[in-house]
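Let me give you the structure first, and then I'll get to my questions.
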Amino acid sequence: MNHWIIAPIVLPAILAPFIIMVLRHHLDLQRVFSVAGSVGLLAIAATLLAQASTGEIQTYELGNWPAPFGIVLVLDRLSALMVGLTAMLALPVVLYAIGSGWDTRGQHFHALFQFQLMGVTGAFLTGDAFNLFVFFEVLLIASYGLMTHGGGAVRLKAGVQYVTFNLLGSTLFLFALGTLYAVTGTLNMADLAVRVAEIPPEDTALLRVGAVLLLLVFAIKAAVLPLHFWLPASYANAPLPVAALFAIMTKVGAYSILRVYTLIFGPDVATTEGLVGDWLLPAAMLTLAVGAIGILGARQIGRLAAFGAIASMGTLLIAVSLFTPEATAAALYYTAHSTFAAALLFLIADMVMERRGGAIIPQSPMAQTGLIASIFFVSAIAMAGMPPLSGFVGKLLVMDAARHVDHYATIWAVILGGSFVTIVGLARAGSLIFWKSHDPAYVQAEVVNEEPEEAPAPAAPEPYPGLAFASVFVLVAGLAALTIFAGPATKYTGGIAAQLFAPQDYITAVLKGEKE
Amino acid sequence: MEALFASAVGVLTAAGIFLILRRRTFPVILGLSLLTYAVNAFLFATGRLALNAPPVLNNYKEVAYTDPLPQALVLTAIVISFGMTAVIVMIALSAYLSSKTDHIDLPLAEEAGEDE
Amino acid sequence: MSLFLIAALPFLGAVFPALLIRAGRNAAASAAGLTSFLALVGLLINAPAVMRGELVTARFDWIPLLGLNTNFMLDGLGLLFASLILGIGLLIILYARFYLSREDPMGQFYTYLLLFQGAMVGIVLSDNILLLLIFWELTSLSSFLLIGYWKHLPAGRQGARMALAVTGSGGLAMIGGMLILGNIVGSYDLSVILQNKELIQASPFYLPALILILLGCFTKSAQFPFHFWLPHAMAAPTPVSAYLHSATMVKAGLFLMARMWPVLAGTPEWFYIVATTGLVTMVIGAAIALFKDDLKALLAFSTVSHLGLITMLLGFGTKIAAVAAVFHIINHATFKAALFMTAGIVDHEAHTRDIKRLGGLRHLMPVTFTIALIAALSMAGLPPLNGFLSKEMMLEETVHTVWNGSHLLVPGLALIGALFSAAYSFRYIAHVFLGPKRDDYPAHPHDPGVGMWLAPAFLVVLVVAIGFFSKAIAGPLVAIASTAVIGGDKLPYYSLKLWHGFTPALYMSIAATIGGLILLALHRHAERLWNAAPRPEAKVIFDAVIGAATWASRTLSDTLHNGVISRYAAIMVAFTVGLGYYAYSTGTIGVPTRVPLPATIIPIIGWICLVGATVAIMYFHRNRLLSLVLIGVVGLIVSMAFNYLSAPDLALTQISVEVVTMILLLLSLNFMPTVTPVDSTNARKVRDAVISVFAGLGAGGLIYALMLRDFALPTISDFHLANSYKGGGGTNVVNVILVDFRGFDTFGEIIVLGIAALVIFALTESVLGTKVRAYLLNRKPHWPQSGDAHPLMMVVATRVMMPIALMVGAYIFFRGHNQPGGGFIAGLVVAIAYLMQYMASGYTWAIERQRFYYHGSIGWGVLIAAATGVGAWFNERPFLTSDFGYIHWPPLEEFEWATAILFDTGVFLAVLGAVMLALDSLSRFAWQPGMVQEHAMDINPQRDDPPEPEDEQEREEA
Amino acid sequence: MKLLRRIFPHPHLTVLLTLVWQLLANEPSLNSLLFGLLLGIVIPFITQPYWPDRPKLHNWPMVVEYILVVLWDIIMANITVARIILFKRDEDREPNWICVPLELRTPEAITVLAGTITMTPGTVSCDLSAQGHNLLVHCLDAPDPDAVRDQIKSRYERRLKEIFE
Amino acid sequence: MQYLFELLIAFFLIVSGIFGFVGSFGMIKLKDPMSRLHAPTKATTLGVGGVLLASIFHSILLEQHVSLHELLITLFLFLTAPITALFIAKWHIHRHETPENLPDAGEDELWATHAVEQDEDVPDHTAT
Amino acid sequence: MITYALYFTFACFGAAIMMCLWRIITAEGVGTRVLALDTMVINTIALLILYGLNLGTEIFFESAMIIAMLGFVSTVAYARFMLRGNIIE
């Protein structure tokens, strides 16, 4: 029995109530424990990554009930990677939130943050479809709190929209799970895989409905067109460090698609043929297009970053939707890249927002313009998939993996076209925000852009700016490391893909061969 | 019976969706509540309908039990959607008090983005 | 020196100027210069080997999965270009040290410059086309920074963006081309690709690959029609222009065409695309250059023209033309860099680059004049300078070229190009340096210090030297570079000398020179004609295109994401229903396998109530309070349906949750409008109704189909029924599932509830911390309030009921494991008992008597549940493993203990705390100052009238 | 005594709750009796602060009498009301408000009286007066309001006064 | 004996059925809101009480199983019905009756529902 | 005999519930509607007990009790809302 598997869930689950109960009135201690928790999560994630790298699939049967009757957690390479990404993202984000003082602008930031981590890691680790729903809800409700953290009219209105749309998604999740259970009589994902293969032809219509509804649920989370509409306003109006953390949440959707549609409704399952890739690929391409167009058209830096997140999800999902080992390996590499890149862009956007407001118009220069401009340049390079950062490698991987697909020319054209529009858009924004501010003509005018609907009375600005910058540099370093060590990284993602496309190992590990 | 049940689920879903498509927060919340009823009923019925067969074990006689699992799932779902509803009510109220309007739409702020 | 180090040195060096700038401008410049110098030395160390015909390589597998490896190779072509890049780079570093003013951030400049230099070196050394792509795009990015270096100038910003947009997009196209190429060959290594000419040219994907790669080359090398970005890039400081547009960036395109020449050239497609583009570019560039008054613009278009010339030569596809191309690359780099520097000197000294404001400078700036004169004459193609040599070769080649059957077209146009070329070269001299001295220069010009003219002077020396001693100086380099271009084949016969006899080329040269002089003489008239002629202004078009694209993007994006959530939701629902139907219709479904249950009168009544109430909600939904009442009916019926259909636990939970939800909604409705105004058009309503009806049909139809069929495979809940008592110690299987089989779900569920309460609390704090507080204090109620807020009878009834309700809560809790009930419902019941007390006796009165804290209750609940789970670890069992047993203490009867009860206690506490915290937070919105409530009842005759004596003592005790 | 008082702050309530637990458990046993007693002791501790100024009951036989009287009246009242609803034309009814001056002062007593009025013949307690000295009662069909008032005072209030005050 | 028991239970059932019906029918038939209040508070409560009694008798007399817990529900209903009625009545007084329409409240001058200082310019009732 | 009596009582309470629904939909004030809802809840309790009686099970007891308790609470909440606007003050 390997208790490490549940550690990433239990740690925040215990830490958060502790923060609420004992440290409610001690901000500094909250910070210490929150950071310590994130570091702890990182350590746990590292352990899990090391354990998973052997290729052995480990399970953890909660309540000691055998699968498929109880809930089971599964540690394979994919879940280890995703938990690792979460931990690697969490630390810089929480440091930034502390450094920027965002955590003081409302109550319970750190507790909600820990709960959010619990939800995300739980979703990555669980091997039970309904338990996945529960963790989705945990991460969502924590995200509702984080999204509206600090209040403010616009943010709250955006919050209503965010919650509404996600509640629709959660409802759909239940419809899907109900349908699947009603046909197959099970909830365990490995068991589902076994049973789906055995489904008699008289039940395929209903099973297909369940499969497609589930896909749509994940597509909402992953912000796939036409289910992505919730994202721009939500992310742009969330506290931007929170939006940075949300970079991992869209990945939860992508992860779930990968997991469910390789393990249960894999590309070889005849029953659900023609349901996934057929529409996901065009939808993903449109997602990328909409994201890129949004970047070019954005008037506000938060929104620009949000569309950046959408565009990167588009690229990612193009790779996912191909459902080949090569493409999946590429998708996973791109996942890591896009998590850091999107987070970085949001944090930089926050730095800009805090100093001069988010409008993409020239204004007098802000504090630390040079440094922020440089980091913006880096994040833009990453987001646009320009060399030398991992985005370019990821893009090449995706395109290379698409070589053998029928529509490869279209895919390439969309990816390259998307990159082009993104480049133009980011260059435009950067030039207006950072360069044009030096133009005497504009400095003179000094139109103080009043943000009419800002968060109420922003607390002391940036208590530890050094910490904020440090956390940004951590993300940059992450991107750099992902680039430099692209070889080992792609090897690992290749291993994940190999594991995903051999679902029998997973099934055997979970069901211990009992059901075979 | 099944027809009654299914049609009720359908009516609740339709009404819920219709209200969710309104443009004020309050009807949307009402719609979400209705939709929650619908989905809970849906999920419950995936264990198939049964009369007088509650899944409470009876030591004295051999009786049929209905499928307990969907019931447990619905219980979880009810609780979760309760939490969600509470949160959206609160956010909607806060949004209303902060902006003095309960329009659910969030038109793009007219921020002047200037091009070169 | 390893190629890795040569490629890496500029990048490593890029760090220093930025860091060292605090130590002074000289330190920054020296650091930059030293790095370049070291790299150049490293390169030259390898030169002998290359000259011997060896291929110097350095390989490291970076991303084997992708085939993207850091493989470098150095051959003749690479050596030529690398030397140009590093050598001229060194000169530019020197020049820039003196050119840049004190206000310019020099550290940044050198950092950018070295980044650019590294990228260029990377391109020419790459032995992997993907690696080459990386460096390729890096040149776009670093040139973006360089061109936009003067951030305060609009021209600089726009020029940078234009360059990035054009060259970046070309690079993107090239990615596609390279991937195709790699796909055809099966490797991304250049050395492999270059061996596969037949394979590539036979492939059906040859043409797409060719076009995509050429797009990259043409945009980078500013070939028509992508030439327009280059002049705008002249907004950069002159050192940048000199570097980018003589020797490096624009030559990258040429380099790549030369690099790929062995496998791509030699086909008609190649000839017609490349040669034609080059020819057209050459002529047009030259023509435009003649009419530019800005010195740098003139040079920029001349660069365009010369690049066209080289492109054309490469396009011819013959080996001898390739040699000519290589030779001209060298020559052009020398004279053009020198010319740019002289232009910079003039600008620097006279404070203008406008030819119209210049003239007569030869008297004031003799050194500069000399340098400019030699370089310009070389550019004009006059002997005995190096420009003459390569131009002769070019003209000679055109004579032998047939374009679509025409023998005259290519040489004719080439002659025209040469003519214009001579004309603008002469103009550069005549209108700037010759003529009378003027007295209206913006500044008083004089020759600059040696630091500034040393670099161009050195280049001019080369210009002359190559002219005279071409074979000795340039010969070996041309030979090995040309060998590399033509793919290692044997070089054809050529000779690098001034005099070849009376060849057609000579006549053409003479014609071009004379024509050029005539054109210069007629310049004033020609200019009038030129200005009168309509011609598209590239910048305007580009701006219009980008502006339109931005506008279109913004319009599209803002229209799509217009913040109307009802539309988002409508799309989502419609999409879901549509896709669901598609999935259904493409599968198969068997006949029903279950017999439907009979529908008796009670369910029918329930159905009528439910549907009636739901329809009524639709009808009355604008009256919000009424909608809540009607929702209550729906909740009641749903709960009864659960009872009727054998789900007592669900019924209990449903009705409890229902009431708490309703109370939350009432609490919030107190602050919100009670009426929903009409704001949908009828068309919208119809649309929404249609979508809703389809959604309803979908959900109803789906569950109907499901209910009529048995499970396709046996359900796992058989196990739960069989093991509930045996393994879980409870007879209420639903509860055992909740606290044991699927206790982890429940763990998540209470956390959701706890978070919900925290979120509500946090929001309350946030909102009440703003001006909303003031609004709330001054707000009026929806309607007149009644008196007697806390009626006596209600207070008394509550006092009696509360203990009983708590008892019921305890009962529900303890029974839960075996009968309907459990911690969750118990938590709600207890919460409602407290709530009743709030409603009856008033918030402030009741809260004073509160014995527990909500945050603590939530925290303890989660912790106890977690601790129950963790406890199993000490038993060597997984999280949440339960245990139970039976205890017999006489005379008591046997009773059961179960850790599940502990877990359920956690659930209970969390639910209680969460519900109370949520209600409490919402209640705080109504708080008014001075709302201290002394008594529970508003009216109490016992209190108001003098009490009877016997009661007095007792009350004091209480 | 004080200690006992501490342990059983509401002895009546403890008994009542133990009884309630027996009802709930529905299977009398020593276990449930003890457990009920335990809860009966614990719960009053929690609820004690919410019920200050508890009145003392003075006359237990009267309590029993009162309950029986009320039960009887409830049944009769319902028959009366059923007759009115089913067979009397709406126009023939004479609904009426009456004011009942109260001698009772204890809130608990007033509550019981008001509750009784509501549950018995054609009357509903509707409101107290501003200082709680009068009770507003609505009659479903009362041609003679004074008779109703007198009956209330004599039949219920008198007994309650004895019980509570 | 068995027959008598059954008869007793059937009687209780039928009587409570009638009361239950009357309680809701009164709400339909009676015209003024105050009178409507009478029917459900009394008849329905008694109706349910009867059903509960029938249930108790059924378990004791026919199943020989002492089950009194229905009494608790009856207790609840009897405890709460007057309060419900009071609130509905207060709503009616607040909404539809002026102090002049009601009988004199004696020395207290006003009935509690009316005894309140109203805020200025509060909008009229809209949703009730 | 009990069976027929049960049917009769079912019918009575069924009809009662329908009348409550009618009142809820058609009444002119929310107060009457709340009253009707309260009545409906009580009628439902009766139906539940009857159903339990019919099936010979006590499984619905908790439900009936909770409904009785909560029906009251919600009625009070509605009424307080109509009277005071703020239900917890």
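Each chain gets a letter, A, B, C, D, E and F, in the order it is written, and its residues are counted from 1.
Keep this in mind: a contact is a pair of C-beta atoms (placed from the backbone, for glycine too) under 8 Å apart; a residue touches a chain by one contact, two chains touch by 3 or more.
Nothing here was measured: the structure is a model prediction, and the numbers come from that model.
Visitor: Note the shortest touch-path length, in steps, from subunit E to subunit F.
Guide: 1
Visitor: Could you let me know which interface, C-E or B-C, is made of more C-beta pairs in contact?
Guide: So, comparing the two chain pairs, more contacts are at B-C.
Visitor: Of the other chains, whose C-alpha centre is the longest way from the centre of subunit D?
Guide: C
Visitor: On a C-alpha centroid basis, what's the spacing between subunit B and subunit E, in Å?
Guide: Going by mean C-alpha positions, subunit B sits 32 Å from subunit E.
Visitor: Taking each chain's centre as the mean of its CA atoms, how far is subunit A from subunit B in angstrom?
Guide: Comparing mean C-alpha positions, subunit B is 26 Å from subunit A.
Visitor: Can you compute the centre-to-centre distance for subunit C and subunit D, using the mean CA position of each chain? Integer Å is fine.
Guide: 73
Visitor: Give the residues of subunit D that touch two or more other chains, as numbers and ranges in rising order.
Guide: 20, 24, 26, 114-115, 125, 127-128, 130-133
Visitor: Can you tell me which residues of subunit E touch two or more of the remaining chains?
Guide: 18, 25, 37, 45, 67, 69, 72, 76, 79-80, 82-83, 86-87, 90-94, 110, 112-113, 115, 127-128
Visitor: Of all the residues in subunit B, which ones touch at least 2 other chains?
Guide: Residues 20, 25, 39-40, 42, 45-48, 52, 54, 56, 69, 73, 76, 80, 83-84, 87, 91-92, 94, 98, 103-104, 106, 108, 113, 115-116 of subunit B each touch two or more of the other chains.
Visitor: Under the touch definition given earlier, write down the residues of subunit B that touch subunit A in their complex.
Guide: 20, 25, 28, 32, 35-36, 39-40, 42-43, 45-48, 69-70, 73, 76-77, 80-81, 83-84, 87-88, 91-92, 94-95, 98-99, 103-104, 106, 108-109, 111-116
Visitor: Would you tell me which residues of subunit D are touching subunit E in their complex?
Guide: Residues 20, 23-24, 26, 28, 74-75, 77-78, 81-82, 85-86, 90, 93, 95, 97-99, 101, 114-115, 117-119, 122, 124-134, 136, 138, 140 of subunit D touch subunit E in their complex.
Visitor: Mind pulling up the subunit C residues that touch subunit E in the complex?
Guide: Contact set of subunit C toward subunit E: 623-626, 674-675, 780-788, 791, 793-794, 797, 800-801, 804, 808, 938-939.
Visitor: Could you list, by residue number, the parts of subunit F that touch subunit E in their complex?
Guide: Answer in residue numbers: 1-2, 4-6, 8-13, 15-17, 19-20, 22-23, 29-32, 34-36, 38-39, 42-43, 45-46, 49-50, 52-53, 56, 58, 61, 64-65, 68-69, 72, 75-76, 79-80, 82-83.
Visitor: So in the complex, the part of subunit B that touches subunit C is made up of which residues?
Guide: So the residues of subunit B touching subunit C come out as 1-15, 17-27, 29-30, 33-34, 37-42, 44-59, 65-69, 71-76, 78-80, 82-87, 89-94, 96-98, 102-108, 113, 115-116.
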